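Heads up, the next two complexes both have subunit A, just with different partners, subunit B and then subunit C.
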Partner chain A sequence: MNFKKYFNQQNTFILIGLVIALVIPQAFKSSQYVMLLITTVLLYAILASAWNIIGGMAGQLDLAAAAYLGLGAFTTGTLLIQWNITPWVGMFLGGLIAMGLAILIGFPLFGFKVKELWYAISSSALVVVLQSLFMMWNEVGGPTEKYLPSGSSPWYSLRFNTYVPYYYIMVTILVVVILINRWIRYSKLGYSLLALGEDEDAVEVLGVNSQLSKLKALAIYAFICGVVGGLYACIYGYVHPAFFDTSMSMEITILGIVGGMGFIYGPAMAAIVMVSFREFLRASLGSQLAGLYLAVYAIILIVVALFQPRGIAPLFERGLKKIQTYFAELKRGHKADA
Partner chain B sequence: MLKVADLTKKFGNLIAVNCASFEVNRGEIIGLIGPNGAGKTTLFNAISGLYKPEGGTITFKGMNITGWLPHKICKLGMSRTFQVTRAFTHMTVEDTVRVGAYNRYNEKNVQEKVDQVVKICDLTDIRKRVCSDLGLASLRKVELARALATEPEMLLLDEAGAGLNATELETFMNLIKKLNQENKITFCVVEHVMQMVMGLCQQIVVLDSGEIIASGTPNQISTNARVIEAYLGKRAVHVRD
Partner chain C sequence: MIHTVSQGIITGILMGAIYALIALGLSIVFGIMNVTNFAHGDFVMLSMYLSYAVGSALAWDAVATPLITAPLLFIFGFITYYLLIDRTLRQMYVVQLAVTVGLQILLRSLALIVWQAQPRALQYSIIQGNIQIAGFEILTSRLISAIISLIFIAGLAYFLNKTWAGRAMRAASDDLDAASLMGVNYHKTYALTFAIGSSITALAGGLLMSFQQTDPVGGVRFGLLSWAVLALAGLGSLPGLIVAGIIVGVVESLTVSFFDPRSRLLGVYAIFILVLWLRPRGLFGRR
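This part shows the complex of A and B:
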């Protein structure tokens, strides 16, 4: 068997990534705080990567991530609390419900070509409406937290005493979401979405059904958010209408923009860098300057808008190309010497 | 192939196109001319489905397509370019063409179509370049290429010759002639560049203030008093007479 052909640069990077992913829990498993922090970073990386499908590729400034996340959380939580249905099923159903709502809302919005600022406002309103609705719906939500039972089997109820299993589940979901991003990017849907993000009329006269393409993107994004929402409820052990958090939606959008709209790895990279930094600021300066991370986010956003308007991903790609060129030249040099 | 009958498009109180009627036969290159603000682009937008007309009918290949969505009209075999180039600035030339090629091709054979169109439109050297790096002449060709990739039977070109120098215009005209003769594509061309209109079109329709004021061969149009008046004013007609 010829193993050499599998060791190209991309596969080497994936391998390095997987090794790091496996080493992290071994290094930090003694500190539950650090593991929770890393799991939170991964959660944001997943959500930002999912946002990339509707926001980065299709150019729709969606601010409803927390709405779909909250729906997933409440579906999973309620099914577990009231009927002892495993979150594995709950997460999937939560994703489907989030997807259904997204289609219901996206259909008229995309049909009437609502975009840019107006789309942002409409999607943001969805978070607020759902928060109020769940606050008043006492059977499912209500003003107090509803705690998830631990059950006899941690793998059935997804309630663990440590964050390590959540970490592994999050890593798996992140890999799947990045693969979905990659698959979409180089498919008919991906090319259509990228073009739609630039000029809707020009794409429609090329035979692209803009409403359907955007609905597909929105549905996939909402489904991922819903699934992750289920896991989010299990990690924190309760559900509460505060999960419908507009600032969280805003943060995911910022990560998507800073990472690089339409770039496969950009939003995840931005999440890893910025959310880690935010948590560091919170841990070190939280007691003195509680909102400092927001100011830092604002500064980063301004700097990126000024100097790197397409996000940090193109910067990373250029760096990677330089490394590739360097190694290629090194290889040529070796061959010439031989 | 295309029949426009009594087409009317209004924007509030402004009547942009007023009861316009004309026909385009299969295999023809027809020119649509008129002074600025005559309603040429509005007429194109209504035919291609970007605007819904208030009155009249558009029949394409025997089907009433009035009010159809643009992607459905494209599927039926009509595509277009735009007056001001609307390139997908962050996409490469090849990927831009691919968006159009997906209209009739799937993942397996789309690349073949892209290669074919890139070659026909002489875009091979720049196929990997991002559209934002291209000049106007290349962008015009890219717009034509992506529309061509949809495999249209009819193409609407909106001022495709604007801003091109003499050599670029010549190349562009030759390409359109080739596509018309070899690929049997019917063209409807909105144009201000008279060299292009006279050199390409078999029939010309003249629009002024939203109304069709004349139609005929290039020779008939160039001597038509109403056309001269619309372009140069009444005094020009007196001077000529």
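This part shows the complex of A and C:
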């Protein structure tokens, strides 16, 4: 094995990030509230990174993250409540169901080359439609919360008294999603998707099946959202049609855009920065006026989108380059001294 | 049975005229400026709240409130255009999406701050009550609202076809460069278009408040409805917009009377998806 090959700057950053991630629960173990906040931030980071596959790479402005999340949550919750099937299976099935629905809707829309605007609107409508469907479907959803039972073994029913285990699961999923992002970005699929964004007809002429490529991206994205949705249901301990939340879907999309479309780490970074900030605002302003924190947050999102249209990831990259050149010059300076 | 269907259709037609009015605001902004305003439904929500505020402060009737709210929304649209939309015109499409979706979250949270979460409704309207025609019950408020909507749509058609400003708008939509060479200042034209599009929602909001209540998340429904009407109608045909509005209204009304009031958007969504699959340029669209 050639380990040196893997020892590059990018991997060093991942390693540092992982070490920090492992230490965080030790620091905040005493406060369950903080742990829940951190877990929520990670949830948004995962969803925004998953969105990057369909939005950033395939260029389809999907607004249905909460639809797939909710489907995963309801699948997991219903399986556990009615048949006592472990969420580990439920999460996987939830991902598959979300994927199935996504393909069902994506197949005709991509096939008929519907303009991206109409895809965005039909996907945002999907969230509302699923919410009203689950409101009516009393066996599974309905207007009251359906609580998940805490079974005999916490690892079987995924119901813990503390948020620490959820945190670790979330970190693991985030790492996997970022690895998937990286893998897609440098695979044939990634190159075809990026090329599709430039000129769809030209790419078709070169023999790329654009419909299939977009469908693959959509399926992967929906699957991740569904799996995370299962975990979401376990964290909150209930399922409710309010999980089909249009605001949440919109927020995921904005985080993906603000993070930097197509940058592998951008959306996760944007989610970590912006959602932490939002929760900070909620904690400091929320007690005075309901909604004030969201107003401030929305203004900041708009300002970032207007003045940093390529997202914040390029900013970070530029900052990194500066540090690199600084160290390189420092090294050269030392040599000159010697 | 036949009676229920006819009753549903009548209710749907009356609602459809108002939906056409709401979609008209979106249609001129999207058709002329090619700007996708995801916050359009929330403009309607904001209008309804303003109408509530004016109506309850001055003890005015809901139908009269657009006299004050329409100029307010006109100014609001003007400011929004120069502050946000104008800056997104020369950027990537996603920036426009992010900005208008951000605006949507902003409007929603502002409504939450000012009017809290509980639904608001105006007490009574002079046009309340109902008329019986051939055994069918027709709500007077809806009938009058529908008539006002149709008159207004006709008036806007006249404006777009006969006045200089209206012709400038249509010219800018056909060929921006040529229009600029002919002395059309597109910033001004676009600002006017966006402001008119916003003030139309004020009229619709006032009419809706005469028989409905409003809440901070109500904008989603009107957003979906107006996009569905627009998809069905296609761009560039005002009569088509009315027909599409009526189709959407009738479908919604029939879903409510035959299935479940909570499923009202399902039928609309189904038509929306079907139109996108089968006829992407709409039933009456010219492109």
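Everything below uses one rule, namely that the second predicted complex is superposed on the first by the 317 of 338 C-alpha atoms of A that agree within 3 Å, B and C clash if a C-alpha of one lies under 4 Å from a C-alpha of the other, contacts with A are read in each partner's own complex, and residues count from 1 in each chain.
Operating definition for what follows: a contact is a pair of C-beta atoms (placed from the backbone, for glycine too) under 8 Å apart; a residue touches a chain by one contact, two chains touch by 3 or more.
Keep in mind that what you see is a predicted model, and the values were worked out from it rather than measured.
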More subunit A residues in contact - subunit B or subunit C: C
Which of subunit B and subunit C A:I24 touches, first, second, both or neither: neither
First (subunit B), second (subunit C), both or neither touched by A:E116: second
Touched partner set for A:V176, first subunit B, second subunit C, both or neither: neither
Contacts of A:V258 with subunit B and subunit C, given as first, second, both or neither: second
Partner chain(s) touched by A:I302 [first = subunit B, second = subunit C, both, neither]: second
Touched partner set for A:L194, first subunit B, second subunit C, both or neither: first
Contacts of A:V208 with subunit B and subunit C, given as first, second, both or neither: first
Which superposed partner A:I85 touches (first subunit B, second subunit C, both, neither): neither
Touching both subunit C and subunit B, counted on subunit A across the two superposed complexes: none
Subunit A partner contacts - residues on subunit C that touch it in the complex: 36, 38, 84, 87-88, 91-95, 97-99, 101-106, 108-113, 116-117, 216-217, 220-221, 224, 227-228, 231, 260, 262-266, 269, 272-273, 276-277, 280
Sites on subunit B touched by subunit A in the complex: 48-50, 69-71, 73-75, 79-80, 82, 86, 88-91, 95-96, 98-100, 102-104, 106-107, 110, 146-147, 149-150
For the subunit A and subunit B complex, residues of the former touching the latter: 187-188, 191-192, 194-195, 198-199, 201-210, 262, 310
Subunit A - residues contacting subunit C, complex: 61, 63, 105, 108-109, 112, 114-118, 120-122, 124-126, 128-129, 132-133, 135-136, 246-247, 250-251, 253-254, 257-258, 261, 289-295, 297-299, 301-302, 305-306, 309
